[in-house]
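Two complexes are shown next, each including chain A; its partner changes from chain B in the first to chain C in the second.
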Partner chain A sequence: MSVATASGYLESLLQGRRQLQASPLAWFDRLRADAVERVGAQRVPTTRNEEWRFTDISPLIKLPFQPVYTASNLQAAEVEHFYLDPAAPRLVFVDGVYAPQLSTQLLNPATDSNVVITNLSAAISAHVMVLEPHLGRYAEFHNNVFTALNTAFLHDGALIIVPRNVSVDMPVHLLFIATQKEATSYPRCLLIAESGSAVTVIEDHVALQEGVYVTNAVAEIALADNARVNHIRVQRDSSQAFHIASCAVSLAQASCYQSTSITLGARISRYNLNVRLTGEGAECTVDGLTLIAERQLADTHTCIDHVKPYGISRQSHKCIVDGAAHAVFNGKIIVHPDAQHTDSTQSSRNLLLSGRAHIDTKPQLEIFADDVKCAHGATVGQLDSEEIFYLMSRGLSEMTARNLLTYAFGAEIIERIPIVSLKHRLEQTVLERTQRN
Partner chain B sequence: MSAVLQNLVNQPYKHGFVTEIESDVAPKGLNEGTIRLISAKKNEPEWLLEFRLKAYQKWLTMEAPQWPNIKYPKIDFQAISYYSAPKPRKKLGSMDEVDPELLRTFEKLGVPMHERAVLAGVAVDVIFDSVSVATTYKQKLAEVGIIFGSISEAVHTHPDLVRQYLGTVVPIGDNYYAALNSAVFTDGSFCFIPKGVKCPMDLSTYFRINTQESGQFERTLIIAEEGASVSYLEGCTAPRFDTNQLHAAVVELIAHDNADIKYSTVQNWYAGDENGIGGIFNFVTKRGLAKGVNSRISWTQVETGSAITWKYPSCVLQGDNSVGEFYSVAVTNNYQQADTGTKMIHLGKNTRSTIVSKGISAGHSNNSYRGLVRIAPTAAGARNYSQCDSMLIGDQCSASTFPYIQVRNNSAIVEHEASTSKIGEDQLFYFAQRGISNEEAVSMIINGFCKDVFQQLPMEFAVEATKLLGFKLEGSVG
Partner chain C sequence: MIYQNSKPLLEVRGLRATVNGIEILKGIDLTVRSGEVHAIMGTNGSGKSTFAKVLAGHAAYVVTGGTVAFEGKNLFELAPEERARAGVFLAFQYPIEIPGVANNQFLRLTYNTVQAQRGKDELDPLEFDDFVREKMKLLEMSPDFLDRSVNAGFSGGEKKRNEILQMALLEPLLAILDETDSGLDIDALRIVANGVNQLATKDNAIILVTHYQRLLNYIVPDYVHVMESGRIIKTGGKQLALDLETHGYDWVSIEQRAAAGV
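Coming up: the complex of A and B.
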């Protein structure tokens, strides 16, 4: 990739900002201006960059798609099948634009009166005091050109504020629907969980039809002391789409973050998940399942950063790779000098279903404290022949045994999703994609 | 308790002395002239000079690698003398004729050469700085057709063999320091085991950096023909100096059908003082090519010295059913830095590899394991097992693990495990209960931690390594 075309790509992308309106809030405009500057100072990463070594995103620079600014008139009937059952509070964005006609609040007025679930632009002035210390503070864009781009285009997004000691019973569904080809959308989420609060959020990226488009998503999640957040992320974009996403999570003392990310779609996808345990005794569980086939490429980079003592992290990432697909996993665990008594485990397990599928995995430990328990493991291979034999000895055919074991391999992660309807739908997808006759 | 351990860790380097032997030292600096000088001094054939010059041209276009997890000041390659040889007093016929000064040096190091050679049955190809001065047991080896000696000698006696294999496993442009070595290497060992021969004894060479500010660039080449087998030992100590010394060696191993090469290293070069001043920069390229079917290459290393270690003994498993092994213990203390590991490149069918790496960091040191396991699409049925454990002693040091796993064949099975631990208070308490002092307990725990690797070492090396670790880490736990 030549530098000229790559920087031309960034410039032509930034031209789409002309339609953005200035905000009455000075800090908000400054944040975006900083981001524009950082876009200018960086380049589109190539495979010579260690962080992008296995993921060649050069096809992306031929696609300088502009964002959509007009509201869609999509009707509920067309997208209903994406909704959760039973109905839950929902924010819907179509091609990155908020769709109020599809969104619903559905909160329990008795208990959830102060919970904010709305779009960012509607709430920004009302909640400016709460927002300002958080928005754009976690998703680092100085060394990430895609996060910088998303921040440069920041004008709307999903906003959830859960007040002190409130626990939201129903899961909150954030639905990002792609309908247009040749467009770039910049979904943005901000979740602020105040101390002692609890919430479950589903970040769901779907497509209405096949087509080439680009999604560049950023999510920021801030957990105050003792807060609990369960974050479920499902990426089922079009198999021709490009999906680049970052999620930055900050955990205060004794808070607990649980993440399950399922990657099914996109021609090329990249998900960066950065979890910082900035308070003592914080805890996180980071699970992921990548299920890809044909010529898909799915890259997951996670970084769990233990800054303070007594942190606990558990990570289990699985990839099922079929066809000529390519899965990449890079799981970094950092334990800072102060973070004594950290307890961290990580496993990367990978299943290759075809001769042309391939995987690059790198579970990485960087430890600067001595009194810690850290372990990681990685496996790549096929199904265990002894397990197949065991099932066959119970009268299953080899094919059935293989199908069952492949399904079970993926289902282990999906089972951790607490929403029954979503879980069943995903289990169905795993079944459909892995079963052979 | 910590004071005791401090004392133990901070034992002064025992082998820090300089032997005063008249050295034949080339002027400092690196240019084509230096290379021509080295080549001329060694009376080398034209092809080898061309090999060196080609490597030098390549080196000029390359940049020092930035990716390792180590920090060091930029090396001034013009401030190094690239050739130094002890001046021979006369042609040596037997051990008695070796420079007595030299023999005394070995005595101080605790390596009584003849004793070792005779009692332990080891042939020692002694390398002093860059030129081989004494070779024992040569005759006995020659009887079975084994060629074992210095590489500069082999260039004259067996030019075809050297020419055929030199640079085939580590090409001249492989990496920055390998290119430098290819341009300026002065000496090293050459070993050729002919078809079907099992080497009757462990082969050993003893490296020593002697002249101050002279980088040592050894070149080792070991070839095992069909069905041959050999076990090769390498041990290192260096005198104490305050200026950093660069050491950039290249080791190439070639195993043909059914051949077996075992390469063991105990490295205890000067690591710098407790403030991180001085010490050797050890930037080494070691690679074995398991070329034939059922061939086997096994690396065992105990790395305790050097200010900086940057080394990845690798196996290219080309022959079907070939086996690669890597067993490593890396110990860092004070301000030492180590970025070490291995590469297992699986190309042939049913190739197998095992990696066992134990890293111990103490003081302010930084110890990284960096490994690559690559399964090529052709490597059907390949199998790898890796285990990387780190132990941290003190809260100022760090341990990192960077395992790259790249799999392109779905019939392969790759497993990687890593853990980090410390010597727990409860463990020490348990030992104390049984009347075992903290010092001894630490030594036992560490030896237990490293057992999987030590048992791969030849007996006398295992004893040496156990002792070495003992005094390296004495005083750092508590």
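Coming up: the complex of A and C.
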């Protein structure tokens, strides 16, 4: 694919901005204008770019799909099987457009009175003082053309603000539903967890039917001192779709971020998760499971950036790859000179279920402090023969033993999801996709 | 316990086996009758754990000679899972951890698989829960272990109790306990041994594979066999284990060599 065509692709994408309305807020318009400029200054990455070495996204260039601007008339009956049980506060976006008829606030008025769970455009004037220092400040777009595109199209999104010392009891469900073929959506999330607050958020990307479409998602999560955020991300897009996403997380002192990301869908997907521990004693757990088959490609790039001392990071990433699918994991850990006493572990474990399945895993440690504990390990392979023998010695057939161990490999990550209904659904998916007979 | 006229359960004749092309078992002869408890003792590398794994059917161990009959039938014609269903049970020296699978699911799956094979009724989750809790009392195990992943994060002693719990559920005819005493403190040893003793009947048999005599204070063997270099070089009663404890393994091998005129 020539550069001319690739830049033509970006230009034709940007034409979709004509329907965007100017914002009354000068800084908001300036942010978008900066992003447009950065789109113009960059190219679509190729495999010659180190960050995209294993992921050829050139097929995307042929798909300059425009965003949807019209509200969906989707009815609850068509999508409620995606809802959490028991019901939780929920923001629903259909093809990127906020769907108030499907969304619900279900907060406890006694304890959660000042919690904001709403769509961004509705809240932007009311919360402008809170938003300005955060929106677009974490998701870096100067060197990321997809984040630049998402920011250039920024007009709505999911907004959660958890005030100081408030713990939201119920999980918050952010549900992004793709219904239209040949459309690009630009989901955007901003979560501001103020000092001492706690919240669990499920970012859930689903499709109503199979089809070729593009999702370009960006999430920003800011944790103030002692805040706790549990972020569960499920990508179950159509197996023909393209899903490009970035999530930028900033952790202040003694805050704690827990991430579980499950990648099941899309023909080609890329997830960049950047976690910056900017305050002393911050802590993060970053877990992932990729479960793909056929000709899927799923690329996860994480960067855990220890800026200050006494940070703790725990990472466990697993891939189960079947068919002729290709999984990529790049796990960068940076420990800055100031970040003494950092305690970091990373494990990348990968299971190949077919001779044609392919995995590229790359731990990348950049350590500039001397008094740190950093452990990492990566394995790629088939099931362990000792484990199979153990189960067979208990009367299970070899097939049953293999099925159980493959299921367990994935279930270990799913188990960490605290919402029972979602956990069971995902366990069922793992079961269906890993069992042979 | 030795019973008059009890039938042979396991008959091993001239058993030879290799691992990675190296011969480890060099001709083993052993007869185990129902009701009996046999202890196989020996130093590290004598082949006793290999013997246990060969009986259970581990694929890494290649049988190169001899015969093994289990209830009169050729054991080597059975795949590992068929041996388990026929009543052979191996308690592992190092039980495998399976994070992601709850212990109760695993136990019920193995129990029902073996029950179905034996033409007996399977249990649904609620029935099984009552049943397994009763068995756990035998090993003084907390019901908490049912909800945890199989062996994951269990201490050494907890893993061994979980092994004997599986023995209690599967009710094997022949239980081979490979170094079940290793890594156990004295309290755990007493509990595990007590569990095993309660499972011993006149219809089943137990082979204890152990390095130390300590376990045999709690599970009293009818026969003690000493293995060295892939052979059983001496067989005696429970007194033999005490003599080994006092004199060490060298004493048997010196005695053997003297008898052979070497």
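The rule we apply is simple: the second predicted complex is superposed on the first by the 437 of 437 C-alpha atoms of A that agree within 3 Å, B and C clash if a C-alpha of one lies under 4 Å from a C-alpha of the other, contacts with A are read in each partner's own complex, and residues count from 1 in each chain.
Here is the rule we go by: a contact is a pair of C-beta atoms (placed from the backbone, for glycine too) under 8 Å apart; a residue touches a chain by one contact, two chains touch by 3 or more.
Just so it is clear, the structure is predicted and the values come from calculations on it, not from any experiment.
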Check your understanding: For the overlay on chain A, clash or fit between chain B and chain C?
Key -> fit
Exercise for review: In the overlay, answer first, second, both or neither for which of chain B and chain C A:Pro45 touches.
Suggested key: neither
Check your understanding: Of the partners chain B and chain C, which touch A:Phe389 in the superposed model: first, second, both, neither?
Key -> second
Check your understanding: Taking C-alpha centres, what angle do chain B and chain C open up at chain A, rounded to the nearest 10 degrees?
Key -> 70
Check your understanding: Is chain A touched at more residues by chain B or by chain C?
Key -> B
Exercise for review: Using the superposition on chain A described above, determine whether A:Cys374 touches chain B (first), chain C (second), both, or neither.
Suggested key: first
Practice item. Figure out whether A:Leu405 sits in contact with chain B (first) or chain C (second), or with both, or with neither. Key: second
**Study point:** Touched partner set for A:Ala357, first chain B, second chain C, both or neither
**Key:** first
Check your understanding: After lining up the shared chain so the two structures overlap, which partner does A:Glu366 touch, if you call chain B first and chain C second: first, second, both or neither?
Key -> first
Practice item. Based on the superposed arrangement, let me know which partner A:Gly281 touches: chain B (first), chain C (second), both, or neither? Key: neither
Check your understanding: Looking at the superposed set of three chains, what is the minimum CA distance between chain B and chain C in Å?
Key -> 14
Review point. Residues on chain A in contact with chain B in one complex and with chain C in the other?
Key: none
Revision key, fill the gap. The answer for chain A against chain B in the complex is residues 50, 337, 340, 350, 352-382
Review point. Okay, in this complex, where on chain A does chain C touch?
Key: 385-387, 389-398, 400, 404-405, 407-412, 414-415
Review point. If you look only at chain B, which of its residues touch chain A in the complex?
Key: 67, 375, 377, 390, 392-422
**Study point:** Residue ranges of chain C touching chain A (in the complex, touch as defined)
**Key:** 56-60, 79-81, 83-85, 89-90, 92, 95-96, 98-101, 106, 109-110, 113-114, 117, 149, 166, 170
